[in-house]
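Shared between the two complexes below is subunit A, which pairs with subunit B and subunit C, respectively.
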Partner chain A sequence: MSELASFPAAATNAAPPRSGPRSFAPQSGFSPWNDPSQAPIVRFDNVTKQFGDFVAVKSCTLDIYEREFFALLGPSGCGKSTLLRMLAGFEQPTDGRIMVQGQDITALPPYERSDVNMMFQSYALFPHMTVERNIGFGLRQEGMPKGEIAARVEEAMAMVELKPFANRKPNQLSGGQQQRVALARAIAKKPRIMLLDEPLGALDKKLRQQAQFELMRIQESTGTTFIIVTHDQEEAMTVASRIAVMDKGNIIQVATPNDIYETPKSRYVAGFIGDVNVLEGKVSGIADGIIDIEGAVSGCHYKTRSNEPVSIGQQVWLAIRPEKVRITHDKPQSATNVVSGKVDDVGYLGSISHYHVKIGNGQRVTALRANTAMTVGPPISWEDDVWMDWPTEAGIILTS
Partner chain B sequence: MQTRFSWFNVTSIVLGFAFLYIPILLLIIYSFNESRLVTVWGGWSTKWYGSLLNNEQLLTAGWVTLRVAFISATFATILGTLAAIVLTRLGAFRGRTLFSGLVFAPLVMPEVITGLSLLLLFVAIGMDRGFWTITIAHITFSMCFAAVVVQSRLLDFDKSVEEAAMDLGATPVNSFFQVTLPIIAPAVISAWLLAFTLSLDDLVIASFTTGPGATTLPMKIYSQVRLGVTPEINAVSTIMIAFVTLGVLAASYVTKRSTMKAAADAQKAQ
Partner chain C sequence: MRRWYVIAAPYIWLLLFFLVPFFIVFKLSLSDTARAMPPYVPVYDMTLGLANFFSQLDFENYSFLLSDPLYINAYISSLKIAAVATLFTLFVGYPIAYGMARAPREWRPTLMMLVILPFWTSFLIRVYAWIGILKKEGLLNLFLMNYGIITEPLNIMNTTTAVYIGIVYSYLPFMILPLYSSLEKISPALNEAAEDLGSPPWRAFWQVTFPLSMPGVIAGCLLVFIPATGEFVIPDLLGGSETLMIGKTLWSEFFNNSDWPVSSAVAVVLLLALVVPIVVFQRAQQREREAV
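Right, the complex of A and B next:
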């Protein structure tokens, strides 16, 4: 059967979404992390994990709040999975404490952490059990009465539309169906916190996008706190209420997708999330919240609005997103935030075009332009001499 | 792919199989010999199988052998499975290399040495030699074979399946019996059949560790052959060959069926 057809487009037989916080929409006002009266549901308190000499996680402190869809994002080997596995109980922290709802659970084995359930990257389905038995496994461990188990399994299967496959074994299912069994098996336990370790990594792109919305719908309708580990920045941006960007065992920045994109804290974060142009320079003046930068490329001056505490002469980097850079044939009126160069490469993607321009010091700066009919003037092409400029609000000052 | 028929291929197959099976075939054919003389063909008959039923000594030896094989295979499988789990699941614990060396050493140890050392041990601790000493000796030498079989299955087993069981609230013991054991069951059954077969036809170790009143079938046959081969021996050997063949076929069937079933299921999912 078709994967796509079997995937529910809308929440037809699950509970209707609550009118409460829409976790994936940062502008909706769901922000318990800004509310000092809120107690976090999960707290990593100075957690360190070493494997021999290798430090997988370096004294991480992190608060995650109820009903959040929290993403741990980073390249492979950055420690994000280790952090998740410590919360599930499969790894013991070398140092530090893990709290769930104010209770120290650091020493508890996985089978005594009833608030937490995990969905595995490999799905880890029990090959000798049917879909139904797989989903009911966790409930049978609790010693729940049979009738109640059947009802809960039914409910979980309905949520992910698996009913027609109740009596199949995992190896009689497609990848997308197996992924849903894994999800249903963990959700059937009704945990307060659901851990997802690269849950959609094995799916193809189209299916993955549908599954992302599926996860968001389930997260919302059950009111569960979801913590997802992923290396796919687009996935993190799509599903998460907040993202923690990790690198080499450290948490670099924790913020909403919007803040991560618009105000990254370092060149690493800026480069990891989306495309970015980074221009080097020195601070030459600070006045009225506007910082003047003397560019490393001779004759370039940048002005940018920022509250970043910098001092005159300090080396900084200016990060500008390609879609905020305007590209023209003619020299713009303004004298600041202007660079000139030669078009090195043009990437036509249909709806938008990327222009890679070589500037003075050989660095490439990328500008992005939507291909609307409104664009005036002759088209920009290879080897054209062009000017690029951006408003003072577009640049972000980075000091590291 | 169709391989071309060539005289070289056919000759090598015929020679190879002839080398392996002519002696056994001869033994089976002569077990149906009418004649009292083993080397003289006197026409077909099943009378030696009939007279076997009246041979109290051979029957007793056969019964002892089966009991030893059954008990030792069961214990060897349990111990071998435990050893395999420790070797694959505990990671790099202190002395792991030494432990795995010790588990697998009997695989390559000359049987005479194993037998002799066990005999010395039984004498030293003053244990009366007989049925139980043979059984213990057989557990010792077949356990490593069981461990090898189970370990190979555990190695290609997704460890996160056990983690998932524990995450869903199963204690390590429950997770072993509800998840791990059913998944490795084919390997455990193969291991048992292998241990059973090994015990069934062991002569050397049994000879060292036996005592009065506990004679296994291979020992009985060996001692009788020294006085001259009787057609009854041929008959009992044929029955043993049938037993061993069935054991080996069953073991390979169990493994093969589980892999074929998995492949068929995967096909159905498409």
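Right, the complex of A and C next:
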């Protein structure tokens, strides 16, 4: 049986796939993090973890709310897995407290944290047990009656379409099937909080996208709080209600995918999520919510709408997403936010094209253009002299 | 053609150094004792022909073995001592192997070296050294009496207990190495998963670690049990008159009584008694290979 054939539930019974990052935007109504009356289900309170001299997590404070699909995003070694493993109980924080539903669980061993279950990156399936025995393992530890275990295992297997494989051993399953056994084994315990450590890292791209929607479907239908660790920004954007971007043991920004993309707090976050052009400059004027910037590239002047508290003369960076940059052969009418340069490279990706343009100081600015029939004028090609501009709303002021 | 040689080499080796000697011993076991050189009849004589030679062979020695309780008791006692000693070796070896498998990666080669280190000294000398430890005025009694733990010296030397100690000591590496190799393959994530699913560490051990180390347990037990059953040096040096083991019986039959035919029969029966565990061992190995 092929991977695709064994995934019918994802295609048919599933709730209609949400359209990526915007699904949890404030207008959908789900934003407990903005509601002061809501108590978080998980709270990291000034948590620090040191391994010898190495500080894996630096006094992190983080609230996660019930029914959230929360993503910890960052490059390898940023401390995201350590944070998750501390919540599961495999690592003890060097300092700080971890609260679940208002109770301090910092000192509890993993087997006494019944609200929390984890799905492992390596799946950690028990090789000597069948799929059925694997999924029932956690329930047998509770001393649950046999009949009830069978029913719960059945339910979990149905949820991930594993019934035909009930009596197989893990080594007789494909990677995608093993991943679903690992998921079912944790979900069978009906935890309030489900931890997923790079759960889809071992799958190929196509399977991974299916599995992401599968995870979202299960998260919604069970109402469980999911916390996922991933280094794949696209994955985080797709599944998460909120994302915490981490770097070197610090949480840099916690926000919805939409906010992270549109209003990153630093150059690090802007660069980690999607492509971005960063232009250096100094603040030269502030008026009516419009900030004037004297570009580091001589003759370049930028204007951008921002509430960022900056002062005249302060060094700032202007971040502009490539899809917001317009590229033309002719000089645009407006005088602000205009730069000229020579096309250095063109990346044709079918539906869209990337144009890498060298401007004044040798810096490259990328513009993105959809390849629609509406595009007028001669095609832009290598070595062409071009103009680029963007609206005052497109630029984001970054101070760090 | 070259490939044929490669495949044939181990079979020729087995034929020359196992099968041929075995048939010589088997033939001896069917012969009768004689006051002669060599001390048995018949010796194949071309002038009398094959028919005459075979007519003189019989299973008399085997029926003698079965009729004399001395031999049966020696077999049973050997199997019992070997089985008990194997269990003790498992109890001592398992924690050591487990500790090695869970030790930091950079320590493991050193720990492995320490396990193998005793092999650099002669087996005979190491067993002899135990006499110095276990005898009445030996190191163990001196130590215990010096610290007032006992007042009368323990009587260990020349008892079956000394034989157990000797076997456990001598065969421990054969238990540790296969155990270590199967324990090392078990991912620590499996224990974490078990704990995450609500299983305290000791229960996770019995539900996950121990079943997964079973191939190592079986291999280690057979590697200890098989040679321990036929062990001669340890019971001879450390055991007393009450320690009855087939290896010793065989030795005295051969050297003291010069009864080559009966001792050959003893050896053949011992071999048959061990073929069963060897087959079990190979089956277990087969299963482990198929499981991977």
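Everything that follows uses one rule, which is that the second predicted complex is superposed on the first by the 381 of 400 C-alpha atoms of A that agree within 3 Å, B and C clash if a C-alpha of one lies under 4 Å from a C-alpha of the other, contacts with A are read in each partner's own complex, and residues count from 1 in each chain.
As a convention for this text, a contact is a pair of C-beta atoms (placed from the backbone, for glycine too) under 8 Å apart; a residue touches a chain by one contact, two chains touch by 3 or more.
Please read all numbers here as calculations on a predicted model, not as lab measurements.
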item	value
Overlay on subunit A: subunit C relative to subunit B, clash or fit	clash
First, second, both or neither for A:T336, with subunit B first and subunit C second	neither
Touching partner for A:T399 - first (subunit B), second (subunit C), both, neither	neither
A:N250 touches, of subunit B and subunit C: first, second, both or neither?	neither
Subunit B versus subunit C as contact partner of A:S31, first or second or both or neither	neither
Touching partner for A:K189 - first (subunit B), second (subunit C), both, neither	both
Which superposed partner A:Q172 touches (first subunit B, second subunit C, both, neither)	first
Contacts of A:Q210 with subunit B and subunit C, given as first, second, both or neither	neither
Which superposed partner A:T48 touches (first subunit B, second subunit C, both, neither)	neither
First (subunit B), second (subunit C), both or neither touched by A:G138	both
Intersection of subunit A interface sets (partners subunit B, subunit C)	88-90, 109-111, 113-114, 116-118, 120, 122, 124-128, 137-138, 141-142, 171, 185-186, 189
For the subunit B and subunit A complex, residues of the former touching the latter	158, 160-161, 163-172, 174-175, 178-179, 182-183, 262, 265-266, 268-270
Contact footprint of subunit A on subunit C as seen in their complex	187, 189-190, 192-201, 203, 207-208, 211-212, 291
Residues on subunit A engaged by subunit B in the complex (per definition of touch)	88-90, 109-111, 113-114, 116-118, 120-122, 124-128, 137-138, 141-142, 169, 171-174, 185-186, 189
List of subunit A residues in touch with subunit C within their complex	88-90, 109-111, 113-114, 116-118, 120, 122, 124-128, 137-138, 141-142, 171, 185-186, 189
